[in-house]
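One chain, chain A, links the two complexes that follow: it is found with chain B in the first and with chain C in the second.
After this line comes the complex of A and B, so read on.
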């Protein structure tokens, strides 16, 4: 088996890790239903697997409170003895859907347990990115011969600023590993995290305008393997939204204060950096106001 | 006033203000100022030529100072004369002033004639500049011939181009021809046995530069021993003898004619020079290749001048020259270039100038002992043995230059993420999960939707993607070596560039004319404004005429030009309004209505 695999390895073998957004709060009010979305995505996965015999696909579901591996095409237990339910799914994806359903149930329980949390209706992008990177790292260490991994993030939920630090860390790890993060954003607002992820790691970011043509977008832009991207011109976004969220309140900010030691971002003046503990000196604004105070006091005395 | 003189008896001469002054007698006439002290024993007798007097000052009558006249000379000396009363001083002063004026007038006359002459030269220079620089010519034609700008105004801003130094700098030094002198073929007369050589000063220069022995011989023999014509005849006879293979004849003739022998011998001066040069060569340099060239070795190998490879009899070997030596010598001279600038027809002058130059360079070349020592030290330091050094492989990281547009052009429609109210969340979550699970069940039951995607939708997606990929914004500017101007058709590109330069020219003159103080400036500004409106309309026309996919970029290029013109127009209008307001308001100076 391994020798055959060696002979068949060409430079366009890819390992695609798909991060699927299953945030119920997003899916409860979109133009496209989850089932339609799923059919586009499943057809896309089939197409990717059809491009090359050695391609691999991993699906990770990004839920509201948790993430989990849903599908791994390299596991042989996928094929075979699932009974076909009428005109339903081909057996290839039956296990995927089963696992997805189980995952959603588990996620619901977890969110119930969490209690009242004032949170943006975002999905756990940082979690799924970390899981994807762990899997890819395992693939890298498995041996000399492995497909070229990339991550595709299919998301519609808005960014959760509280995840900023974790997401940025994952992005930089991906950059280090030279794994591009592609992102397809199907939501309403722009996602700064995804734009930055694609920009920094060298992936493709696209916001499809027509969601009923999602399959076409996916196969045109995101099915290209890494080798072919050298000579295929893919659409690039006009610019990247580089806004960060502050470390203290997790708000998205344009201008703020930065610790000169660890580069943590704060929206208001602090006496001490919460990340590295370095003490900040008095800022010029404070000095000026204190001097003027002193001046005002002097004539009185 | 010429011819008169002023004499004054009661004058005191002071060499400085504090000096109490020696009383004496002052006489000033046209040529000279003479002061003789009354006391014959004092030595402050003064004779100053009036043309040396640079300036004069005097104390005023109204002040309480005594009447002094202060004269300064060109040599920087000051002479102070104290008079008895003011009228005397005034007479003297007026006389001196009149003399000064007389002095200045001839100078002015001289200056004006020279400016007239200069302007003829300048005209030639201007003409030459216009011929050389086609862009300048175009501008000149556009503005000066359509009477927008006058000649003087046009050239006023280009003084640098017209400066005298630029003439010399821009004149390229002509090098020497790379064809060898010996390649000159004489014209032969078929009937008689005469050959005629044509000698031009150029050829003479090259012969003198290449063969210092010939030059020396020329200086020695002409005109004392023989005329120039004889000299050259002998020289070419020698050349002819070389070109035949007959060394015996050459030896015979050399024995007869002493002057001819000079030409047939190897060049002693060259040999000496080369030996000196060898002494100063870096010792690590491999000189074996140069051995045939140093004029001091025997030529026992190598191709002779005429292409044969005969071995030469020892006693006649000095009458043969090797091709290699000639070629190398010629190449060295050509590379050195023209060492003198003498443009003279007279051969003797050329020869002497060359000798002088060689002597000067030789004198420079002779170094002192210290310099020698320093040179040796430097050589030993510099002569690093490459084989003995470790390999230096510096790890290089490639430059990563990011496109700044990614950072600054992105804020289009980026809405800040507003967190929705948390209260509503809890209630909806359960419902939302329910919906989700339903969808999954549904798809498990029904399978993938059929058809997956409608063809029209698919086609629309394709076309929009293609459009996105091929928009100019995504293509232009990504390649740092390409500029947008290259994508324009050539005529448009030339037009755009020409408009830039002409607008610059117009605006330069326009802004320099403000504030308007004379009617001349007023008319000038008017003409400039008309020309600018003309250009403005031309720019608009050009924008229309460009093809549609380039139009946006062209209008971006053209916009700053139009903005500059707009600013100028605004200023003009505002100024005009102010003037008319002032002129109409001037009739009622007190502001009465």
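After this line comes the complex of A and C, so read on.
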């Protein structure tokens, strides 16, 4: 890697980590095919690399059963790959396409091994977010001169509720590192995870209406580096819903009861917490000694 | 005399230029910083700077081992709703200058960092500040959830006078914390600089009173170890530590930020009624109940009484309902579902098959794990997903991220569905 001390680091050098959704369950029924989508994305990556000589791009694929690094623009093995690939794609990305193909076949094998379970057709967002944050942490460790990192999530799969805790952990860690998470959602329903991620970390969330013009959305909204965002009007967050859902009925509630031990949310008053088993209103000492009912304390209102 | 006064307020820059004591700036580096301590001898007797990263990682592993030994595989309950009083000793001893520029300045700086970290890790908890000055304990701020109020009150009054009284501080804190709801965990953190305590009565009685009201007292000493502090902490189940320098003081303080293991009898489990307000509509005008001013747009509406509040988490000033948003609750979930520590893989171990395929680079950051001379360098591995990680990722994952990238990248069965948005 050429010595950075000789180059002038301006404040608009960026490191973009792109989390690409390759979930086959989502791509099997969309208005745009995966290869058309890839051509938009590759043109966008070229645009980002062209904005500044020192920009870096990392691509991590988010699959159905696994996640992996696909492309790193700073590795010298990716440069000078000048044979034309048969499909007419720019030669710069020949290795990206090859690795992506290998990844998708491997992912498919893994999904087949696990069998058909009744599972929400979500991709492993928490896994790729965690990997992206580890990479960014490594960039921060490399010294004073480093590009400003940000994460862009290109996703169409719906949210998987089993990943809630892991995704929130990643979001809070990104907030502490001051790394914005931008999200471009191309699916059908709304993704609450991505909306919250962009809101909490200070990134941009957008749902493009016309997928044929995806390249235009990507370059006008998501290619802006962090320094220039102060001067550019980007879509503002509107009404992110931070209300919680109760554990018993899974409906969104305005007011609820929280267990003081495990922070589970209930919509009505219960005698016992279903998550941690604590009995409410009775101290543990009384519980051990008493058998019959004791006067229960009224809940704090 | 004027020199002494200057020292008390921490202004020492004038002395550098004056050369008044015959010490120039370049000599000060040897007198104050002790730069020879950063050198170490290697095997052949040559000097080299200390390899900080290996030491840092060894310290971190030791800490993790202690914590996991304490947890011993069972799910330890943690006190997530904490009511913490920070007692700062502003007696004469706090004006000592063994911490640069003075103990007060260092304490104030680190307490500010601690308050921010505390609210970051415990968003539903509250802090109050108490100071000891002239042998009397004063309440600087009442229990509250806004870090700015506390920091402003703390920075406003930084002066050291008089004696220190441990008993008065404990009595005051006990009185305040007796009014706290029963599901909260009551804690006190005392930053003690003095070497004695001037009490109006029997401090042993006060300690027994604290023990009976289930108050967990911890002390961080800045000068030397004292029996009375040790006794207090042992009786109430707290932690006693003495700081040797500024960096150590910061580490000791930040150790108290994550929730301590809860002693089950100390708090009664209870259902707390909380509201999840929605954002007020853009362009709506209302008088906010916290500042008593007209505000337009951004803000939240209490679901019970429809009053407008500016920030979350807070208690509605009109109806008293605790208002939070779901990310605030989510901040505490990693305390309830911690990840297991990774296993160390000894460096220079033989390259077995799995190491050869998976262990070439760190799974998290893709950094090469091959050390010098093509031999495998030190790394760690996760028990569940069997992926290899470098030492820096290990520290980052366990201290900040709380997710193992390897475990999150494999599909797990839906039975682990905990909660959804």
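Assume the second predicted complex is superposed on the first by the 230 of 301 C-alpha atoms of A that agree within 3 Å, B and C clash if a C-alpha of one lies under 4 Å from a C-alpha of the other, contacts with A are read in each partner's own complex, and residues count from 1 in each chain.
One rule holds in what follows: a contact is a pair of C-beta atoms (placed from the backbone, for glycine too) under 8 Å apart; a residue touches a chain by one contact, two chains touch by 3 or more.
Quantities reported herein were computed from a predicted structural model and do not represent experimental measurements.
Shared-chain residue A:279: touches chain C; no touch with chain B.
Contacts of A:34 after superposition on the shared chain: chain B is touched, whereas chain C is not. By the document's definition of touching, of the two partners only chain C reaches A:72; chain B does not. When both complexes are overlaid on chain A, the residue A:244 reaches chain C alone and has no touch with chain B. Of the two partner chains placed by the overlay, only chain C lies in contact with A:269; chain B stays clear of it.
Of the two partner chains placed by superposition, only chain C is touched by A:259; chain B is not.
Of the two partner chains placed by superposition, chain B and chain C are both touched by A:161. Contact with chain C, but none with chain B, is seen for A:131 once the two complexes are overlaid on the shared chain. Counting contacts by the rule stated earlier, residues 64, 111, 117-120, 159, 161, 192, 238-243 of chain A appear in both its interface with chain B and its interface with chain C. By the touch criterion stated above, chain A contacts chain C in their complex at residues 64-69, 72, 110-111, 114, 117-120, 124, 126-128, 130-131, 133-135, 137-138, 141, 159, 161-166, 168-173, 176-177, 192-193, 196, 200, 238-245, 247, 250, 253-266, 269-270, 273, 276, 278-285, 297, 299-301. Across the complex, chain B is touched by residues 22, 24-25, 27-28, 33-36, 38-40, 42-43, 64, 85-90, 94, 97-98, 100-101, 104-105, 107-108, 111-112, 116-121, 158-159, 161, 189-190, 192, 195, 199, 208-210, 212-217, 220-221, 233-243, 252 of chain A.
For chain C in complex with chain A, the residues that touch the partner chain are 77, 80-81, 120, 124, 181-184, 264-265, 267-279, 282, 303-304, 321, 325-327, 329-334, 336-337, 362-367, 392-393, 396-397, 400-405, 408-414, 416-421. Against chain A, in their complex, chain B makes its touches with residues 405-417, 419-420, 422, 425-426, 428-433, 435-437, 439-449, 452-454, 457-458, 460-462, 464-465, 468-469, 473-474.
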